[in-house]
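Paired with subunit B in one complex and with subunit C in the other, subunit A is shared by the two complexes that follow.
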Partner chain A sequence: MPILGTLASQFAGKPFTSFESIASATGTGSSGTITFSSIPQTYSSLQIRCVSQLSATKGYTIVKPNNDSSTSNYTFHSTYGDGLTVTSDGYVTGSLGGSYSIYSTGATSELSDNVAATILDIHDYASTNKYKTFCSFTGYSNNQSTNNLIFLISTLWLSTSAISSLTIEAQGGNFTTKTTISLYGIK
Partner chain B sequence: MSEAPTKVVVDCSTGETQIIPLTAEEIAQRDQDAAAYATAQAEREEAEAATAALKASARAKLIAGTPLTEEEAAVLVI
Partner chain C sequence: MPTTYEKIATTTLSSATSNITFNSIPATYTDLRIVWVYKAVSAGNTAFLQFNSDTASNYSYTTLYGTGSAGGSQRSTNNTGAYLVSYAEAPTSEWQLQTIDIFSYAGSTFKTLLNTYSGDTNGGGFISRGVNLWRSTSAITSVALKFDAGGNMPSGSTATLYGILKA
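Then we have the complex of A and B:
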């Protein structure tokens, strides 16, 4: 019975354990790849929350489950806006070898101290009988009327393998020290 | 001589972080990914430019009261 007659009061003093930090990594300025290995298989979903900046120009950052680079295993579509127009596009298998689900600002693009923010959900990652769906919300504002970007991206990884590692690869340059990528597990 | 590219590896079971040089295979894969991305991005930008040109042409024809092509009408009417 809730002490104060509210649902929240019955959790007073107890930690919420359904959303847990697994690991976190910071950009070094000299590495373009960050890998989370030996991911525990005990959660129902994974979530990546990151702020990211590339040392070169802005662009996509690839996420590869189990370091899989096979172009036949990825298909994705996205809707994105730049502050003026909204566009939609998609790629079927055979073109790109990874999930293009994170967008990063560039240290040489527009505002040099700006970072892009991303929330990426990877559902049922430990399953061994279904393909895996990635859903991300990523983008940045750039204090300009049109040169901003916000994406909603859905990726399908056509593999029934459980995900035990995630490799995050910059497309152009390295991750600057303004980058922080955190991995969470959801029970 | 430039430094060898590296990767940051975080072992989620131990919390240990290592910085490891990329292998020749990993460097080749990274270059391949970058090339594929550049191609895909160029194709996307080309498609966007073509659509923008069609819209501009359609708008100009609407204002002038001249007939639109089927492609021009298609970008204005969903």
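Then we have the complex of A and C:
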């Protein structure tokens, strides 16, 4: 359609102004926690993009909005594959004290230069009348017949509070210096 | 706030060609994102990519997919490229969509990419998500989108490369 064509040409080559970096952190090797605080309430959605490696073995890293550790506030579904089989699991409230949204390689059990990658989307995070859904795509390949995983994860945070901080906690070990976690806002 | 999501380059084929390659990628971003729309001219081709013209056995993948009737997961090691679709060949009938996120591409760790594949052929096709590892600590300066068997993509195939910059 001509109108779409005109619009497309107007925007061709111009940067997106609706996707902005908010903050970024790199692992230190001596801490298993990274916190993004004072998150502006001016976006429609948040996106975390990260590469992550733990100083111990591979495993989950959890994300806690507003540092909420209450197990009554999280539910979880995932579908994942290890290269051979597909599995799905889920948890109702009472089990998880955060959003299990990020998977990390482990420095002691993986290729030492390998990192896992994650894209985590949190939509309508500033709403004060909706529960918040976390949507994650995370995984890594290790060039082995084992230790390969790909996850699709959905977490529901049963809170109508606006998200003003995100605390990211390793579940074993610290974030190595190969870890970079970046927070973006989408208008 | 800095602008963080920028188009670096785009290519649309005007004739059947075996690859779309982005060269001289600046090292100034944190991540790269590629959106690739393609199909194959002939059967027997599977989509994959190579970094920095590396054709050695430095790639491995794990995928999760659904065919419309079943789900599955596959993996493979020591490949000569990053396989973006593990389950089937690229069709010649319908256009397919790949999104490819390449993380910390200019860093000194091994490079991990996450990709999504959406392909339907009105009676066939499937959907998949994949992770690929490139076992190299070199910064990525070029990406070649191609088929493992060397076949051509038809005119109209297009790919756009974006850069994403952290704070």
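Going forward, the second predicted complex is superposed on the first by the 174 of 187 C-alpha atoms of A that agree within 3 Å, B and C clash if a C-alpha of one lies under 4 Å from a C-alpha of the other, contacts with A are read in each partner's own complex, and residues count from 1 in each chain.
Following the convention adopted for this analysis, contacts are C-beta pairs under 8 Å (C-beta built on N, C-alpha and C of every residue); 3 or more make two chains touch, one makes a residue touch a chain.
This structure is a prediction, so every number in the text was calculated from the model and none was measured.
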| item | value |
| --- | --- |
| Combined model on subunit A: subunit C and subunit B, fit or clash | fit |
| Which of subunit B and subunit C A:Asn148 touches, first, second, both or neither | second |
| Which superposed partner A:Gly29 touches (first subunit B, second subunit C, both, neither) | neither |
| Contacts of A:Leu96 with subunit B and subunit C, given as first, second, both or neither | first |
| Touching partner for A:Gly59 - first (subunit B), second (subunit C), both, neither | first |
| Contact breadth on subunit A, by residue count: subunit C or subunit B | C |
| Partner chain(s) touched by A:Ser37 [first = subunit B, second = subunit C, both, neither] | first |
| Subunit B versus subunit C as contact partner of A:Ala116, first or second or both or neither | second |
| Nearest Cα pair across subunit B and subunit C, whole Å | 8 |
| Residues of subunit A that lie at the interface with subunit B and also at the interface with subunit C | 22-24, 183 |
| Subunit B-touching residues of subunit A, taken from the complex the two chains share | 22-25, 27-28, 30-40, 59-60, 62, 69, 71, 87, 89, 91, 95-98, 100, 167, 169, 171-172, 174, 183 |
| Contact set on subunit C toward subunit A in their complex | 1-7, 30-31, 60-64, 71-75, 77-78, 101, 103-104, 107-110, 112-114, 116, 129-133, 135, 137, 164-167 |
| Footprint of subunit A on subunit B - complex, ascending | 3, 5-15, 17, 19, 22, 26, 29-30, 32-34, 36-37, 40-41, 44, 47-48 |
| Residues on subunit A engaged by subunit C in the complex (per definition of touch) | 12-17, 19-24, 49-51, 53, 79-86, 111, 113-117, 119, 137-145, 148-150, 152, 178, 180, 182-185 |
